[in-house]
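The next block holds one structure in the form of C-alpha cells; read it before the comments.
Letters are used for the chains, namely A, B, C and D, taken in the order the chains are written, and counting of residues starts over at 1 for each.
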Amino acid sequence: MDFSSDTSASAHPAVLEALAKANTGTQSSYGADDVTERVRALLLDTLETDDFEFWMCASGTASNALALSVMCSPTGSILCHREAHIERDERGAPEFFTGGAKLHLLDGPSAQIDETELREALDAIDRSFVHETPAETLSLTNLTESGTAYPVDTVTHYAALAKAAGLTVHLDGARLANALISTGSSVADMTWRAGVDVLTLGLTKTGAIGCELIVLFGDMRAKYPELLARAKRSGHMPPKMRFLAAQAEAMLTDNLWLSLAAQANARAREFANAICTVPGVRLAHSVDGNEVFAVLPEGLAEHLQKAGGVFYPWIDGSHRFVCSWATTEQEIDALRSALAG
Amino acid sequence: MDFSSDTSASAHPAVLEALAKANTGTQSSYGADDVTERVRALLLDTLETDDFEFWMCASGTASNALALSVMCSPTGSILCHREAHIERDERGAPEFFTGGAKLHLLDGPSAQIDETELREALDAIDRSFVHETPAETLSLTNLTESGTAYPVDTVTHYAALAKAAGLTVHLDGARLANALISTGSSVADMTWRAGVDVLTLGLTKTGAIGCELIVLFGDMRAKYPELLARAKRSGHMPPKMRFLAAQAEAMLTDNLWLSLAAQANARAREFANAICTVPGVRLAHSVDGNEVFAVLPEGLAEHLQKAGGVFYPWIDGSHRFVCSWATTEQEIDALRSALAG
Amino acid sequence: MDFSSDTSASAHPAVLEALAKANTGTQSSYGADDVTERVRALLLDTLETDDFEFWMCASGTASNALALSVMCSPTGSILCHREAHIERDERGAPEFFTGGAKLHLLDGPSAQIDETELREALDAIDRSFVHETPAETLSLTNLTESGTAYPVDTVTHYAALAKAAGLTVHLDGARLANALISTGSSVADMTWRAGVDVLTLGLTKTGAIGCELIVLFGDMRAKYPELLARAKRSGHMPPKMRFLAAQAEAMLTDNLWLSLAAQANARAREFANAICTVPGVRLAHSVDGNEVFAVLPEGLAEHLQKAGGVFYPWIDGSHRFVCSWATTEQEIDALRSALAG
Amino acid sequence: MDFSSDTSASAHPAVLEALAKANTGTQSSYGADDVTERVRALLLDTLETDDFEFWMCASGTASNALALSVMCSPTGSILCHREAHIERDERGAPEFFTGGAKLHLLDGPSAQIDETELREALDAIDRSFVHETPAETLSLTNLTESGTAYPVDTVTHYAALAKAAGLTVHLDGARLANALISTGSSVADMTWRAGVDVLTLGLTKTGAIGCELIVLFGDMRAKYPELLARAKRSGHMPPKMRFLAAQAEAMLTDNLWLSLAAQANARAREFANAICTVPGVRLAHSVDGNEVFAVLPEGLAEHLQKAGGVFYPWIDGSHRFVCSWATTEQEIDALRSALAG
C-alpha cells in the first residue's frame, strides 16, 4: 500500500530488458547511436508528424528548465499556475537555466489556470515599458499538480490566447500519458495541433528509470542547436546516450507508456471509489489521472498508516495518493480491507 | 578495433545485473533509498575515511561543474590546465554552474600543470585588487587529458602550494582508476591525504552506464546542503536514485572499478608496445592509463582505418587510441595483424 | 504642475555646487578619494553608529540588487510585497544579481506586508526539503510603493519575526527620508536598531542627480569585500567616484536630505488637502510621504490634464501624484485654481 | 606630476557647465529627455551615419559587458587579447552579463592581437562540435592596453576575417579618441566602415565625469530593445538620464572630446621625448596615445617618485605614465627638471 509517489515505483521490466539489449558492442556517444535513431522513428508514429526535433534527458526538472531556456529570454517572464511544478518543486531551475527570467504566477482551481487570470495577465503585457518583465511564454501542466486534466479544447484555447499576445507555449507533460488516457486524446491533438510549441514528455513517472523527452515543434526547431548546447553545458548530454534511448524505445514501442498509464489511472479510479465509500471523505479534485486527492475525516489518515499505507498530506489540506503502473489490484483490495476495518 | 573512446563501450554486465536487482518494489526517491545507503558503506572502505559526504550524478560534466560551484564564488577564478576537460569539453559548464567564475589557464607538457606556472599564478593573486578575478580553486585532472598520471607526490605538493595561497583543491577523476592503477596508489593517498578537498570520481568511462560520485572531504562537508540544492536545481537529483546507486554499488563492490581499469590499462600498454614496433611511430605522451597518443608516420592512420580501426586525430598532432574494460586481446591481436600488413 | 515623478525633478543646487567643488585636481579612483572619506564621517553622525560599511551607487535598482545579492544565495528566495519595486519595476534585477534566486510575493493593503501573510510564509520554510526554495531574506520598502510608511514598531516586529526564522532583513529606502519625516523617526531607529541588516538609502528621488548608499550593518559587514567585487563586476564602481561622493556629501551635510523630504511631504499634504475638497475624490492610501494616490471622479483627470497637470494612472485604479523637493507652493496654488475651475 | 591614470583627473569645466545648464525644470526620466535628443543629433555628425542606435552608461565596464551581452550567447565565446581590459580589469563582468560566455584569449605584442593567432582561432571553430564553446564575437581594443593604436586597415582586415567566420565585431573604445588622433582617422572609418558592429565609446577618460556610449550599427540595431532591457535590469538606466546626456553633449559639441585627446596625446609625446633623453630608458611600446610605457634604468623610478611623480609599475616590467586632458605643460617641465636633477 505504497501510494507515496509514482517515482517510488520500480521501472517496468521491458525497460530493463531494453537496457540489457542495448548493452552490446560499441556505439557512438552523445546521441549518434542506433537506439536513438530508432526512437526517432517511433516518435514519427507517436507524434503523427515529422515536423519536430527532440532530445532525451534523465531529469524532469532539467527537461522543463531546458525547454523554457530556449523559449524565454533572461529578461522575460513565464506565465504558469501558482502550484506548477516549475514554481514549487524545482528549486529555481527555470530561473537558473534561463539566466534569471521570472515566473509570473496565476491562480485557478485544481491547479488549472483560470481563463480570466490568463487574459488579464496577457492584457497587462506592455513590451514598450522597460521596467517590467514581459511574459514571453505560457507554461501549462497536464496532468496538473492536482491530478486534473486540461481537455484538448482548453489547451487549444489558451494556446491561441497566448500566441495572439506573442507568447510561445510550453506543455509540462511529466504525467502526459495519464491525461491523454482520461481525456481520450492523442498526443498530437494535445500538443502541436493545439498550438503547443515545446513539449516535455515524461516517461519516468510512467514506468521508465529516468527518461524524459524534450520535443520542439515547427518553428521552434530552429532552437535545436541552442537546446543541444544548453543540454551539454548543464550536464544533460550523457556520453552513453543509448541507455536513455533504450528506455524511450521500450516505452514507446506498442504504446507501452499509454498502456501503463491506463493501468495506473484504473487503479486510481478504484482507489477513489473505495475511499469515497467512507463517510466524510471528499475528493478535493477530480480524479483525471493516477492521483487521488482526498479530504479525510479525522483519524482516517492515521488508521490507514497503521494498516501500512504510505502517502503524504498535501498543501491544500487533502491527502495525496498516487498509483503507478506497479500498483496492483491486491493493493487496492488491501486498501478496501483497511477501510472496512 | 574501436579505439574511439571509453564512452563508446558498453557497460559491464555486473552493472546491468545490479540495475535489475535494484528494480524490485518501491523505494524512497531522491537518495533516501537502501541502495544509496549501501554505496555509502562501500565508500567507507574505498576512501578509508568517514570524513566525507557524497552525491551521485549521471554526468561527468555536471559532476565537475557542481563540485566547482560549491568551491569557487561567482567573482573568483579556477586555475586549471589549458587542456583540461572543464575548459575544452564542457561548453562552459563551470561558468554556468558557478554563476560566471573564470577559468585561469595554465600550461605544461602532457596536460600536466607546470610548477613554475602554478607558482606564478598563485603569487600573482592580490585579493585586495578588486578589478581582477582572484583564483579561489585549483583543479587538477588525473588521469590527465593526455593520458598521463600525476603521481601522489605531485598532487600533494601542488595541493599544499594552493592551500598556502588560500585556495581549495578539486580533482577531476573521470579516469581516476586508471591513474591509481598505473601509479600504484590508493584513492585515499591520491585525494584527501594529498590535500584534495573535492573529488569527482568517474565510473562511467570505467564501465558504468552513467555514474559519477562527487565527494566532499573534511571542511568541505559544510557545503553539502548547498551541493544538494544546486544538484536539485540543475536537474541532477533523479527521483529514482536507486538506479544510479546500483551502478556505483556494482562498480565499488570488490573493487570492480579498479579491476576494470587495470584491464583497460593493460590493453593500452599492449597497444603501445605493438604500435611502437612500426618505424617512425612515436608516443606523444607517456602511457599512464588507458589512452595511447601516438604520432604516426604518413599513411599509417589511413592504413589502420582501412583495416577497421576507429580512432581520432588529436589537437597536438598525434592520434588518440582509447582502450576500455571491453577492449579485448583479440582487438589488440587484430591491430598487430593490421600493423604487420 | 508636473506631478509625474520625483525622478523628473532637477537636482538641488547644493548638489551641483558640490560637484563643482569636487572637480579640482587629481584624486584616487574607485572610492579612495577625499570626498568619500568625508561621506564616511557624515554617516557616523547620520547613522549614530560606526558599526557599518557602505558603498555608493548611481542606481536604485542596482543598489537593491547588489544588497540582495550578498544576502540571499542563488538557491534561496526573498520575501517581499507583491507591489515592491524589486518585483515590479526592476526588470528582474534581483534574479540577475543573485544568480537566480526567487522573489516570494506577499500581500497586504497599501503595499505593506500583512503580518499573517508574513507569519505563514515564515512558518512554511522547510530547509530540509530540497525541492522548494527557502526564504533567506525579508525585504521591506519604506516609504512603500503606495506612499505609506511602516512605523518603526512594525519594522522592528517584522525584522524580529524574520530573524527568528533565520532570515536577514533588507530595507529598500529609495524614499526613506519621506518615511522618516512622517513617522518622526531617526535613521538608526528605523534601520539597525530595528533589526535591519542592509539598507539601501536613496538620495536620488530626494534631490541628488543619482546617488544611493548601500549600508551593511553589524554582522553583514563581513560581506563588504563580496559587495565590492559584485559592484565592480556589475559596473557599479565608477573610476571618478568623487562625483558620487560629492552628491552624498551635499545631501547629508546639515541633513539637507531630510529637509528636502520634509518640504516634499508638506507639498504632498497640501496637494491631498486641496484635491480632497472635490466631491467624489477619495484617497486610495494614507499620505505618509511625498506621494498622493487619489481615486478621481469621472472627468477630473482629464480636466486636470487640460489645465497642465502631469501625472499617471496607477494599477490600483487611483491616480498617482508625486511631489519633490522642487515642487513649489505656486504649483499647489495652480492646482487649487484648476480644481476650482 | 600625477601620471597615475586618466581616471584620476578631474572633469573638463565644460562638462560641469553642461550639468548645471541641464539642471532646470522637470524632464522625462530614463532617456526621454531633451538633452538625450540633442546627443542623438550630435552623433549623426560625429558618426557620419544615421544607421545606429545608442545608449549611455556611467561605467566603462558595464558598457563593454552590456555590448557583449547582446553580441554573444551564454554558450559562445569572445575572442580578445590576453591583456584586454574585459579580461584583466573587469572582475568577470563579461561572464556575468552574458550569462556565462567564455573569453578566448589571444596573444600578440603590445596588446595587439597577432594575425596568425586570430586566423588559427577562427579556423578552429567547429559549430557542429557541441562540447566546445565556439567563438561568436571578436573584441578589439583601440587604444590598446599598451597604449598602442590599431590602424584603420588592421581593424578593417581583422573585422573581415571575423565576419567571414560568422563572428560579430566589438570595439572597446575607452580611449578611442586618443587612437583616432594618432592615426588621423575618423570615427566612421575606425568603426562601422571598418566592419565594427558595436562600439563602446568612452568619454570618461577623455574628460567627462562618467559617460560612455554604447553604439549599435546596422543589423545590430535589432538588438536595441534587448540592450535596453539588459541596461535596466543591471541598473544602467538612471532615472535622471539628462545628466549623463549633458556630459555627452558637452564632449561631442565642437569635437571637444577629440581636442582633449589631442592635448593629452601631445603631453604624452612630450613626456616620452623627455624621458628618452635619459640613458638606459627604453619605450616598451609605441606611444600612440596618451600613455607612455617606459622601461627605466635602476633607481630612476624612485628618483621620480621622490620628486613628486605618481605612476605605477606595469605587468610587462615597464612603468606606465598616463597623461590626461588636465596634464599641463608645467607638469612636463617639472618632469624635465626632475630628470635633469
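The rule is simple: a residue touches a chain if its C-beta (ideal position, glycine included) is under 8 Å from a C-beta of that chain, and two chains touch if they have at least 3 such contacts.
Just so it is clear, the model here is predicted, and its values are computed rather than measured.
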Q.
Using C-alpha centres only, name the chain that sits farthest from chain C.
A. B
Q: Pick out whichever of the two, A-D or A-B, is joined by more C-beta pairs in contact.
A: A-B
Q) How many angstrom lie between the CA centroids of chain B and chain D, rounded to a whole number? A) 42
Q: Would you kindly tell me how far, in whole Å, the mean C-alpha position of chain B lies from that of chain A?
A: 34
Q.
Between chain A and chain D, what distance separates the C-alpha centroids? Give it in angstrom.
A. 50
Q: Mind pulling the residue numbers of chain B that touch at least two other chains?
A: 74-75, 90-92, 96, 99-100, 130-131, 229, 232-233, 237
Q) How is the touch graph of the chains shaped: line, ring, star, complete or other? A) complete
Q | Parts of chain B lying in touch with chain C, wherever the complex brings them together | A | 30, 73-75, 99-100, 127, 130-131, 225-226, 228-230, 232-233, 237
Q.
Residue numbers of chain B touching chain A in their complex, please.
A. 2, 4-5, 7-11, 13, 16, 19-20, 23-29, 57-63, 65-66, 90-93, 96, 204-205, 209-210, 229, 232-240, 243, 310, 326
Q: Mind listing the chain D positions that touch chain B in their complex?
A: 74-75, 77, 88-92, 95-96, 99-103, 105, 130-133
